[in-house]
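Chain naming follows the written order as A, B, C and D, and within any one chain the residues start at number 1.
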Amino acid sequence: MTQSVVVQVGQCGNQIGCCFWDLALREHAAVNQKGIYDEALSSFFRNVDTRVVGDGGSISKGKICTLKARAVLIDMEEGVVNEILQGPLRDVFDSKQLITDISGSGNNWAVGHKVFGSLYQEKILEKLRKSAEHCDCLQCFFIIHSMGGGTGSGLGTFLLKMLEDEFPEVYRFVTSVYPSGEDDVITSPYNSILAMKELNEHADCVLPIDNQSLFDIISKIDLMVNSGKLGTTIKPKSLITSSAGAVKKRHQKPFDAMNNIVANLLLNLTSSARFEGSLNMDLNEISMNLVPFPQLHYLVSSLTPLYTLADVNIPTRRLDQMFSDAFSKDHQLIRADPKHSLYLACALMVRGNVQVSDLRRNIERLKPSLQFVSWNQEGWKTSLCSVPPVGHSHSLLALANNTCVKPTFMELRERFMRLYKKKAHLHHYLQIEGMEESCFMEALSSLSGLIEEYNQLDATKSMPVEDFPRLSVAM
Amino acid sequence: MGRRRRRGYAVGALPEAIAALSQTLPAGPSPEIFRRAKFDRPEAAPALWQLLFRVLSPPPAAGARASAALGAQVRLVKSALCSQGYPRRVLAQLPEDGSQGSRELLLALAWLLARGPLLEHLLAQTRVWLGDEIPLCQCEALANPGPPAPCQEADGPVDIRHLQWLMGKLRFRWRDLITSQQELCALLGKIHSYTRGCHSDRSLGHLSVAEIQLLRDPEGGQQLLQRLESENARLEATLQWRRRELVFWRWMDTVLGSCPLEASPATVLPRDPAPGPGELELVAWELQGLRGELQGAAEPRRAAWEAKVGAWGWGPEWSTAQRAIQEAVGRDLAALQRAWEQGGAPALPHRPCRLVKRDARAVEGPGLWAAELTGALRIRESRLEAVLGQLQARCRQELARLAGAEPGLIWILPSGR
Amino acid sequence: MSVVTVQLGQCGNQIGFEVFDALYTDSHCPQGLCSKRENEAYQASCKERFFSEEENGVPSARAILVDMEPKVTNQTLSKAAQSGRWKYGQHSCFCQKQGSGNNWAYGYSVHGPRHEESIMNLIQKEVEKCDSLSGFFIIMSMAGGTGSGLGAFVTQNLQDQYSNSLKMNHIIWPYETGEVIVQNYNSILTLSHLYRSSDALLVHENDAVHKICAKLMNIKQISFSDINQVLAHQLGSVFQPTYSVEGSCHYRRNPLGDLMENLVPHPEFKMLGIRNIPQMSENSLAYSTFTWAGLLKHLRQMLISNSKMEEGIDWQVRPPLSRLPTLGKASLNRELQFNTSIANLVILRGKDVHSADLGGFKDPALYTSWLKPINAFNVWKTQRAFSKYEKSAALVSNSQFLLKPLDTIVGKAWNMFASKAYIHQYTKFGLEEEDFLDSFTLLEQVVASYCNL
Amino acid sequence: MLPAGCSRRLVAELRDALDACAERQRQLERSLRVSRRLLRTWEPAETPAAAEPTPEPETDEEAPPPAGTPSPQDLRELELLTQALEKAVRVRKGVSKAGERPGALSLKSAATSRATTASAPPRTSGQAGRQASETKPPRGVHQTTVPARGLPECRLPSVGDRTHMGRGASTTKPRPGLRDEQIPPLAAPRAPEAFTLKEKGSLLKLPMAYRKAASQNSRLWAQLSSPQTSDSKDAASMAKTQFLQKMKMASGWPGSGLAAAEVEAEAGLLRKACSLMRQRMEEVLSADPADRMQEYHSLLTLEGLQAIAEQCLHRLQELRAAMAGQQLGPCPEGRCCRASVPCGGRTDPTWSPQLLLYSSPKELQSLAVLGLRVAMLDQQIHLQKVLMADLLPLVGTREPPGPPWLALCRAVHSLLCEGGERFPTVLRDEPAD
């Protein structure tokens, strides 16, 4: 079995990461009742004998001793990381996995990327190498960061390039939280645009998340639960936004529920690679199936159901509803409407008691309402994992390579242009060594190029589907 | 000498010789038939046609088609004799109902006997086989299918895909054969090692399948014994024949003498274009191509050589070297020529051999070692592969010439793997 | 003679298990409706073919399990061991940590060469356990990466190292939609490579088997295990022992060889499909009786109307009156109603099998103009009933049945190729556009050849 | 569609090849069945049905050939033969009486037994038949019946009564020959237990009668093969040569006439010559002469080869002329069998069986497979030539080049250039819309 390393950068990245580790532990605890360190556990956790001095002796088989997350935690402020180290998850990490500074990046991509990048390059590399050494088959790095700030966006994307050089064969999956329109960070358009260029060039897959969408999803659930409409019928702890037993009970932070959704996304994304199923889907199959052209690697994701009804026997109707929801605008983790845009490819990752016939029935049912690019009319990739998420009987993660991400990028460009025309705050960037105006221009043209690619694909939408003339056999 | 000759002419010597001959031949006719044939009596003819048919048809066909209609037998005998160069044309004119020509057939039989070790050959072909064998030289069993089997399908044009189908079938059959043969070898290996030391004949050491069967199934063993005894009788008869055949040949002289001289040398023989359609043409084509290439290679070299010699003018020591080279090349080419005239390849046993499993270290005793034969076969295999490769390459050229020139078409040949 | 099975990838390993389980279960089924002695001979014949005896008496499948990630093989091994009736050999499994990621090129060009020696050694060990090796049965899907890419690589190696042994690839044809997005690329690469190195491609379409599960077996929520059981049943109905000659009690020694010699001698026609009748859930079986005439009538119509199962047969389809060969591709576009055969093999098992009349399959109109029924049709029989069916018939057919699916796959892959989509994923691992073109060329020819029967 | 003549020829060639393979396969399968049966358990008391579910018993598939013994009618004629012939028979009888050697049977007795076997199993006649039915034809090893005279190894642990009964039968009716030796004289495994060859194979012993006959057989073969140096042989061979000459003179055969078989043999030599020369030529052309000596050497070699090629072509012309001189009539059966000895195996002067020694089954397998492979190549080359001769001209003449012609070309390419295993594709240069 392969292993993955999570690299969480910046405040946002570390908060989401924290949720992720909490959920991952709970999930494995639910599946692995014997307390034996198994292959599934090994994909995210090391089993360590803490009595051994130094590195802690890794144990590959047998009883679970102490589990250590395969993670590298980076932040240029101490706050969040320190909080984690004092919380219930403290045993999962050790100090050797952390890199912190006290000065912060000041919401400046250039500080994160250029200043801290060169300052911490060696140190980060050392930690990454160490974590890679602990794996016998490292397959994937999951980078969690935000686009709008300084550290996550700047250092997070700096890291990408480093990983590419150092571990060219290991996949780089990036979970990027995009700023909302009413973001309180003024320079976020600059940061995002500059980060986008790096994502374009050095990521294998990007899962864009947007805070606003997460917030809308949570509001909706709250409304439903509190309105009593579903209140009594929802199974306790089945809300995927709830963080029961998680990081903090003391004062629920506003972002916790949102982070939980993202953490669940990562968990479901990797479940088929970790657990048994009748139709497995390894992580490397994601980019293989969903990325037809190297740059078009932005995958819009949606998770359903967001809660489970108390009744264990799922009627087919409920099951089918799960599939329908996954394609609705309201369930996307970014503000986008895949149904009314063009699909390049689509993956359905199902967990729990769902069989291939359910999958087929729903694909047949949904297909007519979706539009696929002419050369990929059957662009479906599916997986069936037999282990459902904790508290659920089944779940679905849909990943769409769809031109519906384009508006997010266009909006980003507009906001950037508004700022850039006025040259507002530009000097904060240009004073950093290695930053020049051309960096902005290059980033802009990279983003425009991407948008143009989506435009071209969208343009084929209205054209009739035509087959290319085949090779003509004479006899 | 004189006494022997007198004894040779003694009363009874001839009948004894004929009796021995008749007992040796497969389904040999009675001596009386021979006597009647001398006088060209028609009643002796059918038996002799049958005899010659058996003698001339290849072994697998002989058994299977012994019951073939007399007419078919007659035709086969005629064509086979003719292809072997039988000189008398009278034979060809004999009626196909097999009712006549007993003297002619007697002559033909004698002709066959005089040309080579026919009896021994026939005996070897039908010998009772006690040992285990693997076929090494399949020239008779496989490459030589014998007279054409009656056509199973209606005549008429076929699609070439049908030929491809048959060809594919053939390839599968060969693979089947090889698999079965391998299995048999494995089983024989087991049987031989399990019965090690059982054989009364020390040089064999272990029993053969036929011998174990004899023990397992006494009834069948009885039959084997009977056949062995009858073969022993035939062998004795053959030895007898060898001692007495001189008389027979004297007698045949008189038979030949009593024939009228051949009248019409112009009559057309139904003959056999044996080398197959165009076989000679194929060789000619091949040779011409070779000559052309040689010419193309040699002439510019000669010219260049003359130019060099003219320019440099070499000393007397060169002429000695030159002579030496000339002689060396002469020897070399003569050896090459001998190589094809004498067959070249190391001899392989043409007949089946009794398999004996023996410790590799025990070298003493008669017999061929499998490993040596393997080497010889490998050489033959690679030679045949080269020949086939050449033929295929030639077809490729020819087809490229014929079909490749067609405009508007792209030929995509199957790739290497 | 024995057959060594190579199970590749998730699909190959899951199916392989069901196949051996079905073979074992059937051959140890007490009510074979025949004498004890005959049952023993049947069992022995099945065993020689597919199982080898181990010291502890539990037969061990003559199989190699190959996957590039450990989950499925682990599961398969333990399922077999848990059955307690048969198992896989102790050293019959080869797996790695990281799968091929649905990338044919990764399986073929990376995993293949990297693990060639280990896999071939494993196979050789299994081959050495056979007194006599008839050939290889290679189970793989063509949509994924390991089964398809590594499968093609291994088949090629088998062709090089065991050129005299037969190679039959059992290929799972993906659902037309919804399994793997790059399945059409993977499929054309697989098919074209196997066309060069394999002797026969026995194809099962997931879509068709899925329908059988729904319509004939009445399964509501169909799982892959259900599908694989139907596949295994069909394979068993072909490869379980049958008499070598009509009226003899000897079981056929080399079914793989006999089957291939009769069905796939032509290099351009290597695709085989299986149909069987009856197939139904155990509940319905109790209330059904069959006659040979009825079964064979259905089977014949299934053949000529190209239906995959006995339900929903189009009875309107009739053999054409004149069998003038049509030239040119035009005939593909017109509705291909009548399924022309190249060659067929019918296998009958059960009671009164000698009385079955197969005249319907000997009609020249069923076959291509260049083969007569005497060359194109064969029948194998045994009195021993198969599985739970008192009478059952299976048909292995080399016909136009796959023409449409093949044409579709080639067309879709070509569309994708013309847009250059996903090509970078393949070139990353050393496959070039030229290789794709080679594959397209070969398969376009196969399509045209099947079309022009 | 191929022309009818060509179709008939080629289909017949391929069918022949297939039949030959099938025949060989049948033989192999027979041997395999026998061998496998021997390796299975030797059951003690098998009822025939249980032992052999086969309606095609492995044992009696090779019926004794009808060769070598005269028919009853011949016998009658024999009686009526001349006095001299009768005397010859007397001499032979005398020999067999005197020696009592098994195998040296009189012509008459051999003929009798032959005549009876033809109609029914040998034991049906008279006493022998009764005896056989009393003792029950033994199957399996334990059913020992008659311990033969002079076979001490047969008197080993017995099955009790049955053996005694058998012995009684044999003593009451002692018969010369082999009938009473049909017991497999197994030393130890007499008890009615099943056993396998693997366990007890090394205890098997061959019956005396067989051993005698077999050793006589090999002695006779050795005699047959031993070169005779007596002058009677010289005289005989001289007589034969003279006979052949006289025969030739008496016929109207044209002087330098060559038999078709000879022409083919010569053609084969020329073909071999050609391939050897080509090989040599390629060696020369591929080598890079290091000095002028070598350069001269290769020049002379090439020229020498050229001269030999000329000679060969000349010889070929002669052969052609010889063939053309003899008007070719239609072949009597439409098609002719090919002359033998394609393997180049020269006629061996010895006739006694040779031994082929091997040390491991692997070694034997590779030898056998190679043997088959060589035979297969031989056949392939023959088929290749036959196909070339018929198909290449068709490709050359077909007009106009439409789809049927293309289909032909493709198939011919597959058959002739790829051994029928692979196939080319022909694409139109411009995709049709």
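Here is the rule we use: a residue touches a chain if its C-beta (ideal position, glycine included) is under 8 Å from a C-beta of that chain, and two chains touch if they have at least 3 such contacts.
By chain, UniProt protein names: A = Tubulin epsilon chain; C = Tubulin delta chain.
Everything quoted here is computed from the prediction, not taken from an experiment.
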Set of chains adjacent to subunit B and to subunit D: C
Co-neighbours of subunit D and subunit C - touch as defined: A, B
Chain at maximum distance from subunit D, centres defined as averaged CA atoms: A
Top chain pair, ranked by number of contacting C-beta pairs: B-D
Whole-Å gap between the CA centroids of subunit A and subunit D: 77
Centroid spacing, where centroids are CA-atom means, of subunit B and subunit C in whole angstrom: 45
Distance from the mean Cα position of subunit C to that of subunit A, given in whole angstrom: 41
Separation of mean Cα positions, subunit B and subunit A [Å, integer]: 79
Of all residues in subunit A, the ones touching two or more other chains: 470-471, 473-475
Residues of subunit B touching at least two other chains: 153, 158-159, 161-162, 164, 166-169, 171, 173, 176, 178, 180, 182-183, 186-187, 409, 412, 414
Multi-partner residues of subunit C (at least 2 other chains): 164, 196, 267-268, 327, 441-442, 444-445, 452
Pairs of chains in contact (touch as defined earlier), listed by label: A-C, A-D, B-C, B-D, C-D
Subunit A residues within the subunit C interface of the complex: 1-2, 39, 136-137, 139, 276, 278-280, 282-285, 287-294, 345, 347, 355-360, 363, 367, 374-382, 384, 467-468, 470-471, 473, 475
Subunit D - residues contacting subunit A, complex: 403, 406-407, 410, 425-428, 430-433
Contact footprint of subunit C on subunit D as seen in their complex: 29, 50, 53-56, 369, 403-404, 407, 414, 418, 420-423, 425, 427
Of all residues in subunit C, those that touch subunit A in their complex: 10, 14, 69-72, 75, 97-103, 145, 175-182, 210, 213-214, 219-225, 227, 327, 329, 410-412, 414-416, 418-422, 424-425, 440-441, 444-445, 447-448, 452
Contact set on subunit B toward subunit C in their complex: 153, 158-159, 161-162, 164-169, 171-173, 175-176, 178-180, 182-183, 186-187, 412, 414-415, 417
